[in-house]
Amino acid sequence: QPAASPGKSVILITPNPVGTNSFLQLSVKGAEAAAKEIGASFKLYESKDPTSIAQNLDAAVRAKPTVIVGVSFSFDDLFATVPKQQPQQQFLQVDSCAKDQAANLTCVSFKEHEAAYLAGVEAGLLSKSGKLGVVAAIDSPFVHRWIDPFFAGAKSVNPEAIGTPLYVGGNNPFSDPARAKSQAQTLTGQGADIVAAAASGGNQGVFEAAAAAGAKAFGVDVNQCAQSAGTVIDNVLKHVDVAESAALKDIAAGKAGGVKVYGLKEGGVGVNALADDLASSGCTVAASPEVVAKVKQVRDDIVAGRVTVADPLAG
Amino acid sequence: MNAFLAAVLTATAPVVLAALGGLLCSVSGVFNMALEGQLLWGAFTAVLFSHLTGSAWLGVAGAVLCTTVYALLLSVPAVSLRADPVVVAVGTNLLALGLTAFLMRQIFGSGGTFSSPELAGLPTLAALGLDVPVLGPQSPLVPIAFLLVAAAAWWLGRTRSGLRLRGIGQHAEAAEAIGLRVPAYRHAAVLGAGALCGLGGAQLALGNVTLFSEGMSAGRGWVAVVAVMLAGARPWLGLGACLLFGAAEALGFRLQGLGLPQQAADAAPYVITLLALVVVAAARRKETTV
Amino acid sequence: MTPRTETAPEPGAALESRWRRVVWSPSVVAVAGALLLTTLVMLAVGVDPFLAYPALVRGALMDGNLEYTLAAYVPTLGMAVAFAIPLRAGEFNLGGDGQLALGGIAAAALALHAGGSFVLPLIGAALAGALLAGVSAPLHTRLGIPAIVSTLLLSAPAVSLASYLARFPLAERGTGLAQTPLLPDAAHLPALGSSTYVTIALPLVAVLTVLWLLADARTVPGYEIRALGANREFARYGGVRVNRLAAVTLAAGGAFAGLVGGLIVLGAPYRFVDGALTAPGYTFTAIAAVLLAAGRPPAIPAAVALLTILQAGGQGMEREAGVPSQLTQIVQGLIIVFVAVTTVTRTLRARRRA
Amino acid sequence: MSTPAVELVGITKRFGGVLANDDVSLTVERGEIHAVVGENGAGKSTLMSVLYGLHRPDAGHVLRAGTRVRLRSPADAVAHGLGMVHQRFRLFPGLSVAENVVIGAEPVRRGALDRSAARHAVVSLAQRYGLAVDPDARVGDLPVGTRQRVEILKALYRRAEVLILDEPTAVLTPGEAEGLFRMVRELAGEGVSVLLVTHKLDEVLAAGDRVTVLRGGRVTGRFATADTSADELVRTMIGRSLRTAPPSLSPPGATPGHAPVGGPAAGPYLLEVRDLHVRDRDGVPAVAGVSFGVRGGEIVGIAGVAGSGQRELVDVVTGLRRAGSGTVLLDGEPAGGGREPRVAYVPGDRAGRATAPGMSLADNLLMGDQRGFALSPGAVRRRAAELVERFSIRAASVRTPIAHLSGGNAQKAVLARELSRDTPVLVVEEPTQGVDVGAQEQIHALLSGARAAGRAVLLQSSELSELRALSDRLLVMFEGRLVAELPVAEATDERVGAAMTGKDAARAAEPSGEALG
C-alpha cells in the first residue's frame, strides 16, 4: 500500500455490540492503538445480527479505509467473498479465517485452548477438593475452547479432578452478573473450590461468589486479579490487542495476507503465571512458586510439541 | 436445601420488588411494561450513589428517588396524556438501556462493567448480627421485599386508598362518578412502581452483587411482567409466581451440572410456570364440572 | 376534554384554517418535536447535528443502505402483522420471538434435509409458527389462560428449542458459532435485482399485508374478527364461531411470524445463526408500531417504516458521525415516547370530531 | 317559597354537531319528586350528567340552594350533596356490595378500613328503606335489580340531598319498581329532592310532583302532575297523540284493523321445545323439563321473576347455549349446534350482548346478516342508512360508535336489525326497555307486524302490561319449570303473579327475589 494516501484509516466491525464483552473491548483497544501508531483514524462499527454485519461491511468498503477489520467467526461467510470482489481493499479477520483465503485478507487466530490448559494445570494442582467449575456465558462451540482444555489440564496433574461447566444463558447471557454469581454459588455449594469465569460481564459475579465461599477463581482475556483481591488465581490471557495491532501495522507496511496463529509459542495467549510482572499482578498463583514452575514446564512441553492440547473446535 | 432456598430468595427478590410495582399499576388499570428499564435504571443509580457517597444505604435511597423520577416518563404520557402505556414503555426501556451505558462511560470512564473495591455493597443480615438460617447471607432488602408484599396485600385489602385503587382499576368511569381523582391514583401507582423498581435495582446491583454491568437487569423486568399477568390483583399470587419461577431457575442450574443442556435449563422456568398454570386451571375446571 | 363545536368555517377562513391544520397536524408536530428533542440531546453530549442528521438520512435511505433498511423493514412489517391479526380479535400475541425462531429453524431443517426449492421450507416455517401460536387458543378457551400470558410463556422455550437444534442436531461442525451449515443454493430466496438482501421476501410480505388489510376491511371474516375483538359475546350472539375464529387469528399471526423466520433464514447469510433472529428485536419494534397505528391497520406499514428508518438511520449515525450506539438508543427511546404522545392527541381529536 | 334545592339555568350542551341540550332551565324544590320525560335522545341523560359534573355545559350554570356552584367533576357534585344513579350502572364488579357503597367515603378505624362499620351502615340503610341486599355479595354476581339497589344505597350513604335517578325502573320487575317508589316517597318526605328520568308515564303521574318535558334538547312543557294527563305529556313529548292504548297497532303496511287472533288453528309450530333441561354454569339446573310450542302468526309471552330460567331457555332456543337434554325443533327440524340462523333475537342485555359499543352503528346493524366472503363497506353503510331511515333511529351518522347513541336509540337499532331479518322465529327480550312512549308504540306495532307476517314470536318481558298487550298466550316460569299457560284473556295480575311466585292466588302479591338482609 503506497504510504502516499492522504488519510489512512482503520474500520473495525464487531459482530455484536461491544458492551461488556472483554474480548471485543480488547479488539477495539488493539485496533485503536495500531491506528494511532500508523497515523490513521479509527472507526468502530458495531453490529447486532448477520444482516447488520453485512451492512456495516458494505459501508466500510464504501469508505475505502486502509484496513477493514472483522472480528470473529461471524465474518467467515462474508470474508469468503467480499475481499475477492474488492481486490484493492485490505481486510483483516481476527479470531478466525474465512475459507479460500484471498490474497488481500490477513487472518490472526488464537490457540486460547493452550492457555486454558495451563490454567487447568494450576487449578488441578491448587484444588483441594478436586472439584472444579466453569461459569460460561453460553454453550457455544467456541466457548468450549475455555472449558474442555481447562478440565483436561487439571486432569493431567490430578486424574481424580472432576469438572462441571454451567452456562449463564437466560435473557442477557453476556451481562448477567447476578445469575453468574448464583451459578458460581451453586458450584461452590457442591464442593467446587475453584471456579473459572468465562461469562464476560458476569465474571465479577463469579469472583464475588468465590470470595464469599472461600473458593478461588480464574479470570479471562485480561488480568482480572485486581478485581477481587486474593480470589483470582490467574487468568486465561488472549492478547488480541497485541496480535491485532501487530497485524495492522504489518498490513500498513505492505506485509499483507496469510494466517498468523498465536499460541503459547508465539506469546499470543498465556497466563499471568508466565508473565514477568507476576509478582505485581495481584494473582494468587504468585504465592505458589511450585505451581508456577510446573506451568512453565508444561508451557515448554506444549511449545516443544511434547504435549498437544486437543482443540475442541477441531473435533 | 438451605443453600437452595437462599439462592431462590436472592434471585427472586429484585423480581418480586419489580412485580409488586407492576401489580400496583395493574390494580390501578395501567399496564406497566416499563419494569425492565426501570430495574436497570435503579441498578445504575444505586451503584452511582453508593459510589459517590460511599454508603450503600444512600445508594438505595438514591436509586429509589431517581427511579421514581424516571417513572414520570411513563406516568405523564400514559396517565395524563393518555398515550399507549405499552408503546411508552418500549421507549423508556430503550432509553434506560442507552442512558445507563452512556452515563456509565461518561461518569465511570469505562464501558461494560463497573466494579470497584471501594463500591459499598449492602451488608448481609449475618453481618448485622441476624444470623438466621436461609436469611443470614441475604441483604436486608430481601426480607424487606417479602414484607412489602404482605404490606401491599394488607394495604390493598384493608385501607381506604387500597380499596379506591382497586375500584379505579376495575371501572374508571365508576370511580370518576363517585368523585375519585383517577389520574392522581394512577400517577401514584406508576411512581410507586418506580420506587419499587429502584429498590429492586438496588438489591440487584448492591445486594445480589456489588457492581453495575450494562443491561444487567437481563430480563428480570419481563419475568415480573409475566408474574403480574398471572397474579391479577393478588400480591400473594404474584409472589408465588416469582418464587416458582426462581425455584425452577435454580433447579435448572443444578440440573445443568448433571448434563441438562443450557437451552433446557433456560426454558425450564417458563415451561414449569405454564405447566403449573395448566394444572391449576384444569383442576379448577374439573371441580366445577363435577 | 371539553368538546368544541364544529361549525362550518366561513369561506375566507377556510384556506387559513387548512394551512394551520397542516402546520399543526400531529405528524408534523411529532416529527418537529422529535427533531428538536434529538438535537438537544446531541448538543448536550457534543455531537454535531449537521454531521449526524445527514448521516441518519444516508444511513437509512442512501448510499446503498436502502437495501438493508428494506431488509429490516420486511421482517418488522411481517411481525407487525403477526401481532396485529390476533389483536383485531382481542388476543395479544406476545410470543413473536418464539414463533420467529421456530419458523426459522423449521425452514433451515427442511432446506437441509428435504431439499428442493424455498417453497417447502417457507410453508414449514409458517406451519411451525402457526402451531406454536395456535396452542394458545385452546389454553384460552378450555382452560382460561389468556393468550397474552401463554404466548409469552411459550416464546422463551421455543427460542431455546431452536437454539438447541442449531447447537446440536443441526449444527455445522468446525465453527465457533452455534449455527446450521449453509443451506443448499436451491433453497435460497431469489434476489430482486442485484441486491443480496432484497429478495422476493419484500413483495411476498407486501402482498400478504395488503391481502390482510383488504380482508380486514372488506370481507366477512374480517368483520367477524373485528366484532370478536370489540365484544366477544356480541360476536357469539351474531353467529360468529368465536373460539374457532380466535384460534384462527392466533394461528394466522403465528404463521406470519414463522414465515418471517423462514424468510430471514432463507436469505443471506443462508443459514440459521443462533440468536440472529431475535437479536434485532423485530418483535417489540413491531408491537410498538402496531400500537402506534392505534387501531387503524392501514397506518401500520407507515408506523413500521418510521421505526425501521429510525433504527437503520441510527446505525448510519453511529458509523459516519461517530455517534455512540448508546446515544442512538437514547434518541430512539425518546422519539418513541414522543410519537406515542402525539399520536394520542390525534386520536383524541378524531374522537372529538366524531 | 323557600330557596329551591337545585336550579339549572340556561344549560346548553353540544356533542360535535348534536345539540343535546338547548337553553334548558329547570327548578327542583326541597322534598320534591321532579320527573323529566322526553323522547329517546331528547337530552335527558345529558342534562343530568351536566348537573352531576360529568359534562361541562357550553353555556348556563347551576344554582344549589340559591348559590351558584361550579361542578367540574362528580367530586364537586358529591360535595354539594348530589347523588346519581346512572342509566348505565357505574359499579365495581369485583368489589363487594358494602365496598361499592362506601368507596369514596369509607369509614376508617385506626388507619384501616372499618369493614364491620361499612357492613353495618349498609345493612341499616337497607333495612330502613326496605332495600334488601347481602353486603358481602360480589356485585358482579348480582342480578340487575339488586345492582340498582346498590347504586341507590351508594347515594343514600353519601346523604345525597338531591338524588338523580336516570331511568331507574327500566331494568326492574314491577315488584321491584313498586319498592323503589315507596323508598323514593319516603326520601322526599325527609326533604330529599329527587330528579326522576323515566319513560313510564304512569310512574310520573303516580310518583311525581312536577314534570318537565324535553324535546330535541329544549324544554317543551312544565306541569304539575296533578294538573296533567298522560295524553298531554305524550303530545308535549312527541308532538302528537298516541293512537290508542294498549298500543298493539297495525304495523306500517299491514292490513289495518288486524286483531290479535293467534289461536291454536293459526298454523304449524315453527318453534317447538320438548322436555328441555339446562344447567347453568355452576351445574345447577336452570331449566327443568320445559315443553311448549309457538305457531306461526302467534306471539307467546314468557313471564317470570328474574332468574326463573327464562334466560337459559332463550339461550338454548337461540343456540347460544347447549341443552343438557331435550330438543328444540324449528319448523319441525331439530336445531343445529351453535347460533341458530333461523332465529332472530333481540337480547335484553344491550351493552353486553346486543351491541359492540365501540363499533360503528353500521357495523352493529350488520351483525347476524353477514354472509359469504366479500363485504363492501359502502354497501354496509347504505344498508345501515336505510335501516336508520326506516326505523327512525337518531344518530349523527352511521359511522358513529353505537355507544354515542342515546339508550333508546341503541335499542331501536337492535330491533331494526333483528326485525329486518327474514327468519321464521323471532325471540325478543325486554323490547321496550328504556324506549320512549312513541317508540314503544312503534315497536309494539312492529312485533304485531311480525306476527301478521306469519312469524312465530317468543316474547320475554318484565312488564306484565306489555306481555298482555302483545301476547296470544302467556307462559309463566318458576324455578325452571313452566307452571302455568294462560290464554291472554285469563292472565289477570293475580293469576300471573301467583304463578310467578309459585303460590296460589290467595297468597300472592308479595314482592319477590329478596336476598338476605
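Going in written order, the chains are labelled A, B, C and D, and every chain counts its residues from 1.
We take it that a contact is a pair of C-beta atoms (placed from the backbone, for glycine too) under 8 Å apart; a residue touches a chain by one contact, two chains touch by 3 or more.
Not measured: the values here are computed from a predicted model.
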item	value
Selected interface, A-B versus A-C, where C-beta contact pairs are more numerous	A-B
Distance from chain B to chain A - Cα centre to Cα centre, in angstrom	35
Distance between chain centroids, defined by C-alpha means - chain A, chain D (Å)	76
Centre-to-centre distance between chain D and chain C (centres being mean Cα positions), rounded to whole Å	45
Multi-partner residues of chain C (each touching 2 or more other chains)	167, 325
Touching two or more other chains - residue numbers and ranges from chain A	138-139
Residue list for chain B, restricted to those that touch at least two other chains	101, 261, 263, 266
Each pair of chains that touches, named by its two labels	A-B, A-C, B-C, B-D, C-D
List of chain B residues in touch with chain C within their complex	73, 77, 81-84, 86-88, 90-99, 101-102, 105, 225-226, 229-230, 261, 263-264, 266-267, 270-271, 273-274, 277-278, 281-282, 285
Touching residues on chain B, where the partner in the complex is chain D	158-160, 162-164, 166-167, 170-171, 173-181, 233, 288-290
Footprint of chain B on chain A - complex, ascending	18-22, 25, 138-139, 164, 166-167, 169-172, 175-179, 181-183, 185-187, 189-190, 200-205, 208, 212, 227, 229
Residues on chain C engaged by chain A in the complex (per definition of touch)	63-65, 67-68, 71-72, 167, 171, 173-178, 182, 196-197, 268-269, 273-274, 276-277, 279-280, 315-316, 318-319, 322, 325
Chain C-touching residues of chain A, taken from the complex the two chains share	16-17, 43, 45-46, 48-52, 54-56, 58-59, 62, 72-74, 76-78, 95-96, 138-142, 145, 313-315
